[in-house]
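What follows is a set of structures for review.
Both of the next two complexes hold subunit A, though its partner changes from subunit B to subunit C.
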Partner chain A sequence: MNGLPRIAVLLKQVPHPDYFDRIAIDPEKLVIRREGIPTATNPLDKVALEVALRARETLPRGTEVHAFSMGPPAARETLDEALAMGADQGFLLCDRAFAGADTLATAKALATALSRFGHYSLIAAGAETVDGGTGQVPPQVAEFLGVAHVTSAISLSVKACSGGGWCAVVDQRVERGRLSLKVKLPAVISFGRGAAEPRIPSALDVVRGARKPVKVLTLRELGLLPEDVGLAGSPTRVIGLSEVGRARRAGGEVFSGKASEAVSVALKRLKELGAL
Partner chain B sequence: MDFCLSRAEEMWQRAVREFAEREVRPRVRELDDAGELPRDLVKRMGSLGYLGVVTPEEYGGAGMSHVARLVMVEELSKVYPPFGFFFQAAHLAIYAIQKYGTEEQKRKYLPSLVSGDAISCMAVTEQTGGSDPANMSTVATREGDGWVINGRKVFITLAGVADVCAVLAKTGERAYSIFIVENGTPGFSVVRRESHMGMRSIPVSEIAFEDCRVSKESLLGQEGRGLGAALAVIAEIGRTGAVGVALGISGGTLEAAVKFAKQRELYGKPISELQGIQFTLADMDTNYHAARLLGYLPSWLLDQGKTGREVSKEISRAKAFACDVAISNATKAIQIHGACGTTPEYGMGRRLADAIELLAAGGTQEVMKVTIARGLLA
Partner chain C sequence: MTTSQREVWHWVEVCPSGATKASLEVACKAQEVANALEGKAVAVVIWRDDPSRGPEGVLEDLASYGVNKVYLLRYGPSPSTRARSWCPPPWEYHPLVFPRELSRAAERLGPEVLLLPASVNGMDLASRVAARLGTGLTAHCAELEVRKIGGVPLLVQMVPGFGENVMVQIVCPEKRPQMATVRPGVFPLPDKGNGSGASGGEGCKLDVVQIEGSWDEGDDRVEILEHLPDEEKGDDLEGAEVVVAGGSGMRALGGFDPLWRLAGLLGAAVGGTRPAVDKGWIGPERMIGQSGKTVSPKLFMSFGASGAMHFVTGFLKSKFIFAVTNDPAAPILKICDVGVIGDLKEVMPVLFQSLEGDRADQSP
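And then the complex of A and B:
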């Protein structure tokens, strides 16, 4: 007899992609200046949440989906969005000590929270964020928890394993097709573009979501030391940051003649330039 | 003082914004060009609870606040004002039924009206104008066990597509009553669809009642008390809805103007760097936020338990000011867009036409000022 599976989803609040033109770099602190830029939930994290919510519909009644996020107090908005979409409970890792964390320190804090507040069968996340874009946190969380991980999945079904416990069957998009994998849970699975279209909450979803709790977890509640997390716990040091110029260069080359010939010449030239 | 939205209202704002951006914005040009009510989107908005936002949960609604409704109308109108206008009208009869209806009427009509399976309208205005009900010519007379309605109503938003119409008729000397008339009832007809410069996808029609017989169960609210009930619904839903649409147009045209000013280059730099443009944007922003402060107050007061009658001055101030700002901001946005301002691709001209439609919706600007002055001089 299997116990109920429990699902956690990791979500990050990021600068709103529509306002990326307002993002600037602080030349002294070597960090991105985000002040005054509207925020949004990382789009792929919402995809992961949608996949998790759909999986819950196929699982026994009572299966819960919990949303986790780490960030400033305003990151609660991301958890509220998750609760409106259908998550059952939210956990916000919020403490000044967490500030400046690299992916490793972020993963350590998240993994600690996940192991302390629930034995999760499945931990879902977006394959990458639109701001950092490293895609490192989900595998790092899996390593800290000592469980399997699958990255950039595009589908999920959770089933009871023949030998007991729960298994996930996931598809991954690979260069020339799809790779189907069966993973014994617990595992961390990150989801890529196209895995699901996140739902838009209805009025009633919002009303019910607003009644659900968000628990704030501080450093103390996680039982971690200041040197384990945030900037202090981050081995990564940014030593330089520069903007990539996007200005078009004047000139260019025009290849005329038959289209097929012109394309061949253009391809050859691109190879010469090292662009291909 | 607390100027913050509640947690649920903030969550709601994000949800409506996401719907508007994902499912409405890509279709704005198509909707403007078609000039017809898109039933698929109405059904979709019904499934998302937009039609029942202030309707109690037991009748299929979400039971949210008046502020939440205003948030919804504003967010939709930032992207596509005719949808805000749709809710300004579609909520009238829904609200009238939930506020004054019998339990049987609520169970019969509300579930399908809030799901979007059926649409309703409210018919008050006649050729004599919407603000002079004393000279109303539509009459309902008792006959047998029911009523017979005769008369005409004009400028009825959503008539022609509505399945249910809440109509105000004279039932005696200085006595008015509201009746629920279902589409298809013999003697009830749509005379013609009227042509208006703005809100093109929202049908507005003239309707006629010729010996239209309805049962006694069609009476909505108390006999003879219909005028007060209709005016309360117009104030609490109609005028506050117009405020939301006006705020949406003001905010939406401001956003479009900022975006365009940052992209359009002149003299080798974006026109947003020209002080003349900056002053215009600053004026638009200031007026928009002033209108929001005036505009959200009456809905908040309604949520505190005040009646439309008690906050009529606040509603009138908000409507008069917000509509002026909507027209002003849409006009300024056109100016900032230059020659692009009146093209359908940028849609600013259409938003100005939408804003002008609001001048008479739920009462003219002059009627709003009369109400404000009456309060001052009482």
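And then the complex of A and C:
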């Protein structure tokens, strides 16, 4: 007899991808200046949540989906969104000590929270975030938890295994096509584009979501030491910035003004340069 | 000279035709890094024992690109793969076996640097190995250099910053190995037989060191069932003479239809920014930039993209760059050769008119 599977989803609040060109990096402190930049829930994390919510519908009644996020207090908005979409409970890892974490320190904190708050059968996450874009956190969480993982999955079905427990069958997108894999849970699975279309919560969903519990987890509650997490627990360091200029080719120019004139001189210039 | 030479490892991903192009690019970069560190580049090939297929072809590929030392990590076949009708090829990536075996070898032999191609499997493998070894990892590096910092030569790993045409420099000062995944298409691949091998003409003999790995019981947790047919890959992008790309500004024209029309006129391939992919205007296989494709066409034409570094890094090496944006402060205007500041709704029709006019002139 199988126990109820438990599902966790990892979500990150990120700077809104439409505003990346306006994000500056402080050349002295080497940190991102986020002031005035709207935030969003990382799009692929919502895809992962959608996959998890749909999987829940195929699983026995009582199967829960828990949303985990790590970030500043404002990252609560991301959990609120997840709860409105249908997650049952939220966990926010929030402590000044977590700040400045690279993927290793992030994965360590998340893995600790996941193992403290439940034996999750399936941990779903986006295959990458729009800001860091590393995709490293999900497999690193799996390594810290000692469980299997699959990255860049584009489909999921969860079934009872023949030998007991739960299995996931996933398709994975790689450079040379797709692979179908069977994974004995527990496992961490990261989802890529096209795995599901995230639902848009209704006003009623938002109201319902607001009534669901969110637990804030600090360093102490995770039983971690300051040197394990945040900048202190990160083996990598940002040491500087370098300009990547690209000199404009002689004869190149930016034109403005009336569209018809600007376009015609621009095209003429491209032809003179031999570009067109 | 120290007794043991610093080693720069690079993992070689294998496909049916041999070592992947991305892996060969990494092999050449590893050679440069090794030279700068006064160390030795060593390729790592992970291979499941299979009496019918050995790694000889891959080793020949590597030798012809200047590789002269290989660690060949072999592991036994799983009982279950032997029993099934479809058996994954011996080079097939396994998300439990590969990270464990590579980590074990690294723990034992202590490489200074470990580089991998930033492919799906390369990123997957690198992540888990870095966590297991407790070391740092930088993803999708666009540039790597060795620099002395505080008297210690370190691998400086560069990834795009956000706006402002900057790259962020990252190091891993204490933990070893220093790990990075390298974005495919960024480092040029020399012609075959023309490898950047430090040893020149005489070092042609390939030194293959076998390392015994194992298939452990728990490895059956992940089973590769089958290969599914290829989807659209956006392959036309990489070799295209002209690339037409759009960003979220294409919203003004209701999506990418005008760009496909333009591409048809110019015989160009179509690509886009991540927001364009996330909005569903183009498939993920057409994403250009940090975690997408890197292109270097003769002419790159950008429409409605402001030019965040994450995007720009995917086409910076194009011969000519043309950009249209309505934002006079857009960073893309600093890197383009020819630009137009204007509303796409006005610019696009004029562009079609002139280009279609050109075409009519040329036809007999």
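Couple of notes before you dig in:
Assume the second predicted complex is superposed on the first by the 240 of 276 C-alpha atoms of A that agree within 3 Å, B and C clash if a C-alpha of one lies under 4 Å from a C-alpha of the other, contacts with A are read in each partner's own complex, and residues count from 1 in each chain.
The definition used in the following text is that a residue touches a chain if its C-beta (ideal position, glycine included) is under 8 Å from a C-beta of that chain, and two chains touch if they have at least 3 such contacts.
Since the structure is predicted, the reported quantities are computational estimates derived from the model, not experimental observations.
Using the contact criterion defined above for the overlaid structures, shared-chain residue A:S260 touches subunit C, although it does not reach subunit B. Legend: residue contacts after superposition of the two complexes on their common chain; A:L204 is shown touching subunit B, with no touch to subunit C. Look at A:G164: by the touch rule set out above, it reaches neither subunit B nor subunit C.
In the superposition on chain A, A:I239 makes contact with subunit C only, not with subunit B. After overlaying the two complexes on the shared chain, residue contacts for A:G177 are found with subunit C alone; subunit B is out of touch.
By the touch criterion defined above, A:G36 lies against neither subunit B nor subunit C after alignment on the C-alpha atoms of chain A.
Of the two partners, subunit B and subunit C, it is C that touches more residues of subunit A.
In the superposed model, A:P73 lies in contact with neither subunit B nor subunit C. Common to the subunit B and subunit C interfaces on subunit A are residues 21. For subunit C in complex with subunit A, the residues that touch the partner chain are 15-16, 20, 95-96, 99, 119-121, 123-124, 126-128, 130-132, 134-140, 149, 156, 158, 161-175, 220-231, 233, 248, 266, 274-275, 277-278, 284, 290-291, 298-299, 306-310, 312-313, 316, 319-322, 328, 330-331, 333-343, 346-347, 350-351, 354-355. Against subunit A, the residues of subunit B that register as touching in their complex are 6-8, 10-12, 14-15, 18-19, 22-23, 47-50, 52-53, 57, 61-64, 68, 262. Across the interface of their complex, subunit B is touched by residues 21, 77, 80-81, 83-84, 200-207, 209-210 of subunit A. Contacts from subunit A toward subunit C in the complex involve residues 15, 17-18, 20-25, 30, 32, 43, 102-104, 107, 128, 130-140, 142-144, 148-152, 169, 171-184, 187, 192-194, 234-246, 248-249, 251-256, 259-260, 262-264, 266-267, 269-270, 273, 275-276.
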